[in-house]
Amino acid sequence: MIDKRTASPAEAVADVSDGATVMIGGFGEAGSPIELIHALIDQGATDLTVVNNNTGSGEVGLAALIKAGRVSKMICSYPRTANSTVFPELYRSGRTALELVPQGTLAERIRAGGAGIPAFYTATSVGTPLEEGKERRTFHDRDYVLELGLTADFALIKCRVADRHGNLLYNKTARNFSAVMATAARTTVVQTKEVVEPGALDPEAIVTPGIFVHRIVTVPDPAHESVLVAEGGSYP
Amino acid sequence: MSDTVGLTRDEMAERAALDIPNGAYVNLGIGIPELVARHVPEGREFIYHTENGLLGMGPSPAPGEGDPELINAGKRQVTALPGAAYFHHADSFVMIRGGHLDLCVLGALQVSQRGDLANWSTGAPDAIPAVGGAMDLVAGVDTIFVITQHTTRDGQPKLVEECTYPLTGPAAVDRIYTDLAVIDITPDGFQLVELSPGVDYDYVAERTGAPLIPIRSTP
Amino acid sequence: MIDKRTASPAEAVADVSDGATVMIGGFGEAGSPIELIHALIDQGATDLTVVNNNTGSGEVGLAALIKAGRVSKMICSYPRTANSTVFPELYRSGRTALELVPQGTLAERIRAGGAGIPAFYTATSVGTPLEEGKERRTFHDRDYVLELGLTADFALIKCRVADRHGNLLYNKTARNFSAVMATAARTTVVQTKEVVEPGALDPEAIVTPGIFVHRIVTVPDPAHESVLVAEGGSYP
Amino acid sequence: MSDTVGLTRDEMAERAALDIPNGAYVNLGIGIPELVARHVPEGREFIYHTENGLLGMGPSPAPGEGDPELINAGKRQVTALPGAAYFHHADSFVMIRGGHLDLCVLGALQVSQRGDLANWSTGAPDAIPAVGGAMDLVAGVDTIFVITQHTTRDGQPKLVEECTYPLTGPAAVDRIYTDLAVIDITPDGFQLVELSPGVDYDYVAERTGAPLIPIRSTP
């Protein structure tokens, strides 16, 4: 019987090693797998390269991971958000590096990584400072830059409901980067509010087919970042 | 003229909305552009796209009825209208990069007379660079409207010969809506299209950092 | 009120011009928009470049379009199927050209076209005769070839249910190329068994968002290619 | 030895199925590989992928219960098992090209001693070239099994030093299941792994177009 359930967040992230590249789903707090991130903080892996659209807020979730000094490099499009104070400090002091990637290019690089496409061309960033260091090439009289696919050792994502095979449905705009990251990591770890039997989900409506999912952890009542931040929470 | 000359933020958004064709698929940037959604002209319907994965975005939810996982690109809670669709980020930028959106309304730090847009960074050495989806939008969407105050808080022109801030994209902007005027980007530079009530050509031209072509008189 | 309904297949394809590139959905008979293809035959456009995984079967649908001499070039992965006799004859006589593309590369080229990506690299076809004429490049010690995005003037596709905005759901494996082609054409024409009001479809389950769809024609009871072929049907 | 020496098509498929690990995501080519689905070893579960957009493919439908739009890559009607998912062609080849499938079982015209596979064209001048998804599968899937008769109908070896037919992909094949033997591709060439009942080394070696390394004796 195919059953990708794992007992706990701790067990699901137990083998993340120092120096790993970890994609973390979410756009702001929507889709942020807070419980998996906190388990990763407990687990202790360091020198991580983290891929996320942002850098978290307050001192919980992704921001807490960064604050704990575990992240040597962020790859993201928008590291500056409301209540985002942890990353700016570490970035200015040179302790966390930043690779700034336009949001659509970031999504497409992850998609390419998952699709076995090592590189593609896009017009995004042509003629801007973010073109620097990229190869430029003309197709049909327009200029494009070469961008490289992005893969990871782990993806940590959150969904609404999963079946034992790892077929996933998300909640509204929490789908964002998660459904793409699931395809691009060697090991994709999902926290879900609910697990159902295969056949309970409509096969026409599945967003992430189980082939992309390796571990499922049930977190029935996940924390909301904005609530924790409003409460002044910090982790650990 | 007084300090209160020209349009308010809300009036600028209303004016821009007048130029959006019926049935258009539209992405609204953060800030004044968000206000455009309040001003759909009578008899028209626009479908709003937010790059974090929703087509058919509706207004803010009633207090207490929002979902923290139903947000817009500015990370504010929104709603989904009948006919909405959710999708992931790669698919969302297929819409943007692939030229499927009709129009995007963005804010600006500077716009050059060639339509170069700078709206993501002042280039200050201690700034945390953050670009989001702006470069994808200007590279992918056919028609780019900019809504912006005509000058900075300390009176410097935002419509300039050459942008001094880092570019979001070259030759990107089609039309600019400011508190003082509506201005097109043309091969000849800034072309005045319309003056706000109580504003004259000289007042706008003085506050514009490049030549401003007067409204063509009807022949 | 946004309403993309069009009165008839004839009206929906009325402006296809000679020399147009037309993507036609379907894999074998699954998803083949027979009624739209027949309307295109009636309409008379010729010198078409057609993109489809196959070349149709019998003398109906795509095969009938080819037989009518309207297709000067096919772009496909598998032009040889059971009951496929029309294309081989025209190909051997030199009247219809063929661009043979591996199936995954075909899907990805169409996806790239719809995504504003002019070109990408793939390992598929490296070291084979289909590599001929393509640029080869090494990334991370593996060889890849450059492939170009593919766009079209029209896409003709079939779905199960649409709403007025053009949001689409498909039927099982009839989704195949159609959902990708919808993104890559200037004008996407859909035949659907049913049209519903906006809001009737679950926004989490929509496969093709309406932004990719331009015209909707209701064909409540579409023909099945295999049935027509078994009956010895031919069109017109 | 008689003409009926070695395994039947069904037995070859059964033998190959024995080597598929539990829980594997598997794509089956057209022909003998399709028969593998009938032989899931006791206690194992495989998930079948068909490149035309289905994961969790089940057996043929009962007569009269099929849907002409629920088919496999060979365009035959199939069913969908509980836990199945439908997706479009680009997503389907994300699974293939991106290395997400564990294993693919294909037919062959020729396999070289380096694992080069030829299975899409005889290169005949009047043939209609047709490749389908074979090149994507061999380029993207880690483990490629081949099931094939050991020789052609007129007795020519299909396991050869160099393929003379156009390649599907170089250095693609890991293991070959024929009516006569199981053979691995190794850096040293064809390595005999197992002989079919009633078949000896010489019989296989004579029918193999390149050196065949005997089964290593246990030290």
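A few remarks follow.
Order of writing sets the labels: A, B, C and D. Residues in every chain begin at 1.
In this text, contacts are C-beta pairs under 8 Å (C-beta built on N, C-alpha and C of every residue); 3 or more make two chains touch, one makes a residue touch a chain.
Given the structure is predicted, the values throughout are model-derived calculations rather than measurements.
By residue number, over half of the touching pairs seen at A-B are also found at C-D, the match among B-C, C-D or A-D. By number of C-beta pairs in contact, C-D leads over the other of C-D and B-C. Chain centres here are Cα means. That of chain C falls 29 Å from that of chain D.
The centroid of the Cα atoms in chain A and the matching centroid in chain D are 36 Å apart.
With centres set at the average Cα position, the gap from chain B to chain D is 56 Å.
Contact with two or more other chains is made by residues 80, 86-87, 93, 96-97, 139-140 of chain B. Among all residues of chain A, those that touch two or more other chains are 108, 111, 115-117, 122-123, 170, 172, 204, 207. Under the contact rule stated at the top, the pairs of chains that touch are A-B, A-C, A-D, B-C, C-D. The touching residues of chain C, when paired with chain B in their complex, are 1-2, 111, 113-117, 163-165, 167, 183-184, 197-199, 203-204, 206, 209-212. Contacts from chain A toward chain C in the complex involve residues 108, 112, 115-123, 139-140, 142, 144, 148, 169-170, 172, 202, 204-205, 207. Interface residues of chain C facing chain D in the complex, by the touch rule stated above, are 27-31, 53, 77-82, 87-88, 91-92, 98, 100, 102-108, 110-111, 122-130, 170-180, 207, 224-227. Residues of chain D that touch chain A in their complex: 23, 25, 45, 47, 49, 55-56, 80-87, 91, 93-101, 139-140.
Across the complex, chain A is touched by residues 50-54, 67-71, 75, 80, 86-90, 92-93, 96-97, 121, 126, 128-136, 139-140, 166-170 of chain B.
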